[in-house]
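This report refers to the structure that appears directly beneath it.
Note that the chains are named A, B, C and D in the order they appear, and that numbering of residues resets to 1 at the start of each chain.
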Amino acid sequence: MGEKKSVWEHLKAWVDGEEVILDADKYIVNRSKREKKNWRRNFSMEYIRGNVKLYRFLSIAISVLFIGIMLSVVNDLPEFGNPANPADNEVMERYLESGIEETGATNFVAGMILDYRAFDTFGEANVLFLAVMCVVLLLKKDQKNYSAKEEQENREDDFFDENEKRPILQIGGKLLAPLIILYGIYVILNGHLSPGGGFSGGTIIGAGLILYASAYGQKKMQTFFTFRTFTLICVGGLLTYCACKSYSFFTGANHVGFEIPKGIPGHILSAGFILPLNICVGLIVACTMYGFYALFTKGDI
Amino acid sequence: MEHINLVHNIPFFSIFLAMLCGIITALVKNGRVAYKIHTIMVLVVGIMSGILLASVVKNNEIFTFMMGHFPAPWGNELRAGPLEALMAVTFSIVMLLMVSGGSEFIFKDVLPEKQPLYFIMLNALFGAMLALVYTNDIFTAYVFIEINTIASCALIMAKGTPQSMVGTTHYLVISLLGSGLFLLGASILYSITGHLLFPQMKEAILEIIKTEQYRLPLLVVTGFMFIGIAIKSALFPFHSMLPGAYHAAIPTSSGILSGLVLKSYVILGIKLIYCVFSEYVMETLKITEVLFAFGLAGMVMGSVYAMKERKMKRMLAYSSVAQIGYIYMGIGMGTRVGMTAACFHILAHAITKTLLFLCCGSFVEDSGGKEKIYHMRGAAHRNLLAGVGYTVGALSMVGIPLLAGFISKVYFATASVYSSGKMAAVLIVLGVSMVLNALYFLPSVIAIWTPVKGAESRPTSSVSPVFAVSIVGFIILNFALGIYYRPITRIIQMSIDLLVQ
Amino acid sequence: MSTGIQIILLVFLIVCALAVSFTKNLFIAVIVFMGYSSIMAVIWLLLESPDLAITEAAVGAGVDSVLFFLTLKKVHYLKGTREG
Amino acid sequence: MNHLGTNFYEAVSVILFGIGFMNLLLQNNLIKKFIGLNIMDTAVYLFLAAKGYIWGRMAPILTDGIVDASYYINPIPAGLVLTGIVVSVSVTAFSLALVQRLYKHYGTLNMDEIMKLSREEEGE
């Protein structure tokens, strides 16, 4: 550690000869250490392989140093749970006090992410979409990643799915999957009234679909859920989302157009765009989660 | 009904148009159609950004655009001024030229059924870069950084070879480390300021500096955010993911990643410096000095690594590291003149490095997939246009007058005069790095022009018209930026003055 | 909410995280990670964020683990499957 | 100021972040690397969620019709974390898909070995 400090000071003196404040110095030491390790790791792999112990020691030392610095930062941060913290300001007050008339949602989190800060959520839906497209790019069967052996294995799997008897899994799947999906739909539809919303509900529906697919095999799923349906649902959901949000951004920023009626807070048909947006997000997420599963197992939806 | 100012809607339109095209492309089955959609989208965004640029320069204004019904501290916001508009125009032009010039590579190297997916990623990447440029909210920045990461990884791995998978993994791990640090920084910043939008944060931070209450957290946060951005934009010690990734990716992807994606993070960093951590805070916390030192180190080390490389694409990747070092050096000078030089260099590097990657890709294709500089002897005779393009790009990187690279170096040297105590360091390193640049670029230029015996037996490759147009376009842009640089620098200066206010 | 339970849960989190780092067996690592996510969901419930708790329970303990297990199966790590 | 005793949630979250970070650096095994990344992400989310909590207040969902900011906790961190979780699950799925492709070709999960093999292949 002493050595690094002197290197930094040397550099510093060379640059402009000023003094370094203590805190900055501490942080620089942390930083120069980390970069040294990165450099080692990526540039002389052979060297590290010979020095596993050194490498391990360095990683642990850096992590411990990091934790130490962060603990001292935590020590200086605003107190946990104190109502006088900086985060407790007019922004939060408005979300909580005017949230109901402005968004119509009694779940303030849903109101916040789908109305006040909807641009972030739009980005988030896009992240999910891009991730599933990446997985399609990586794992969907094509001539570069699909061999005859896998073809045969897949055929065997299909055969087992059709002929093997797995009573516990199949009866359980048959009984549970509809209930799980129903619960997911409930969570989505009540996203603006109670905890949950499009994302959690969609994941639950996706889990139900995964359960069903693992009990009965993907062949059976494909009778009603093909790659085409998958793309259509995803794209349809995102386009609806995009259209709703474009409308509200455009009208909001230019002060034109009509307000969407907010309905009576607490009722299921209320909160303007939040309910349709939740449904869109739910559909996208459910398809995406099942899509991940299907691509991971068979390389096809 | 009030009067609608459509020009102010342009940032929002361009981001949403790019994203919308990305979504729609998923329905397309044919790569050519996807390519057309992409080209039209970029063209439209480019024209719109041009109008925006003309308007903001004329009115000398910087404006915020409310995303939704709620004003600043409650809703999201976009913010556009001359700098943002200029960057959007540059991104559109470079993207257009690069993708049309490199479309051959896409259609050849990516499997036909996956070509539409490639264009989805390109569209999303374009939208995310625009969002990073325009954003005025730190969490939006985080979300779009993630989109940028995923889309750029997809561009790298689209080739489908094992090497590209390895490159992608490396790139992904290091990028995720960067975004993790950025997120940690953002959340600590939120907890000490209580805001997520840039202007409100700035006020809160100035308050903190005054009261000295959360000084250590502020210091560490600033450090984390800038380490995050430095990792993302491959500043010298964090550059290790670049060579493998750029080497394995198709040339179009490499060009876009090196020329535009890295720059979008740098611009986010510049916005953070001026709009969140004001100049004063940066000085007090000595962050600029750190960036300056790492920039200098990057300039030299990037070139040194590049000299060691025998493969052309890897060499170009390391050269990108060196150029990123220039940009950070400019930022680190801590003066507005330095920042102007850095911004100008962003433009110069964007148009030059994409040109180099494009030509390099065509050389590699001509020499039958061999990538060493040794194998490319005589490549310029087989493909004259690409040879000329490569030469112009290389000379510009070295810093020959009349070319864009020269102007940025002049500006860096001029800027060094204004920052006390850094002049000697800047001038020495600038000189050394120019010599090093020349040392690794000239051999490759000489190699491609060296005639090889029996070259006549190899057929001269036919150049497709789009490729020719885009190379010529890049060359013209390079000369234009090298000769008529005055208006550009005036716009940059103006926008920096506006940003500081 | 009592501080004691919270501290026990937090300690459990750290133990889980360390166990993931030090175990040699990937299967165990994934299962421990699943437990980690479930504890995180409980903690978020205690922190009065039910939205997060639902999401984390569905994602972290549900889908994430399924994805990890499928990957383990594909990389021939699980015994008892054809690939194992 | 000395809040380390009261800020135990934040303290635990930074320790978890450190452990995740160490995992990322130390592990050669790709799957454990990505588990480490996940731990890092959840640690940040724990930090944010803890920052939103305020003693004695309720979850930000309208209860008994009370509209008063001093009755509910801060909803902003919850929203941010919700977005963050989505991002991290997408990234996890993507990275695991990458792991599968890598394994298919190289037959190992060890990053160092994969890098070595790929370099040999490339070197010809």
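The rule is short, and it goes like this: contacts are C-beta pairs under 8 Å (C-beta built on N, C-alpha and C of every residue); 3 or more make two chains touch, one makes a residue touch a chain.
In this text the structure is predicted, and so the values were computed from the model without any measurement.
Counting C-beta pairs in contact across A-D and across A-C gives the higher total for A-D. A separation of 10 Å divides the Cα centre of chain A from that of chain D.
A straight line joining the Cα centres of chain A and chain C is 16 Å long. If each chain is reduced to the centroid of its CA atoms, chain B and chain C end up 38 Å from each other.
Rounded to whole angstrom, the centroid-to-centroid distance between chain B and chain D, based on C-alpha atoms, equals 28 Å.
Multi-chain contact residues of chain B, defined as those touching 2 or more other chains: 139, 143, 146, 150, 153, 157, 170, 188, 190-191. For chain D, residues that reach two or more other chains under the stated contact definition are 1, 8-9, 15, 17, 19, 21-22, 26, 50-53, 57, 59-61, 76-78, 80, 82-83, 85, 87, 89-91, 93-94, 96, 98-101, 115. Across the assembly, chain C contributes 49-51, 55, 59, 63, 67, 70-71, 74 as residues in contact with two or more other chains. Chain pairs that touch, as defined above: A-B, A-C, A-D, B-D, C-D. Within the complex formed with chain D, the chain B residues making contact are 139, 143, 146, 149-150, 153, 157, 162-163, 165-166, 168-170, 172-173, 176-177, 180, 183-184, 187-188, 190-191, 196, 213.
On the side of chain D, the complex with chain B involves touching residues 1, 17, 21, 24, 30, 33, 37, 40-41, 44, 47-48, 51, 76-77, 80, 83-84, 87, 90-91, 94-95, 98-99, 101-102, 105-106, 111, 114-115, 118, 121-122. The touching residues of chain C, when paired with chain D in their complex, are 6-7, 10, 13-14, 17-18, 20-21, 26, 29-30, 33, 36-37, 40, 43-44, 47-52, 55-56, 59-60, 63-64, 67-68, 70-72, 74-75.
Chain A makes touch with chain D in their complex at residues 37, 41, 45, 48-49, 56, 59-60, 62-64, 66-67, 70-71, 73-83, 85, 87-88, 91-93, 95-97, 100, 106-109, 112-113, 117, 120-121, 123-124, 127-128, 130-132, 134-135, 138-139, 145, 194-195, 197, 199, 265-266, 285, 292, 295-296. Taken together, the chain A residues at the contact with chain C in this complex read 107, 109-110, 153, 156, 187, 195-197, 199-200, 203-204, 206-207, 210, 289, 292-293, 296-297.
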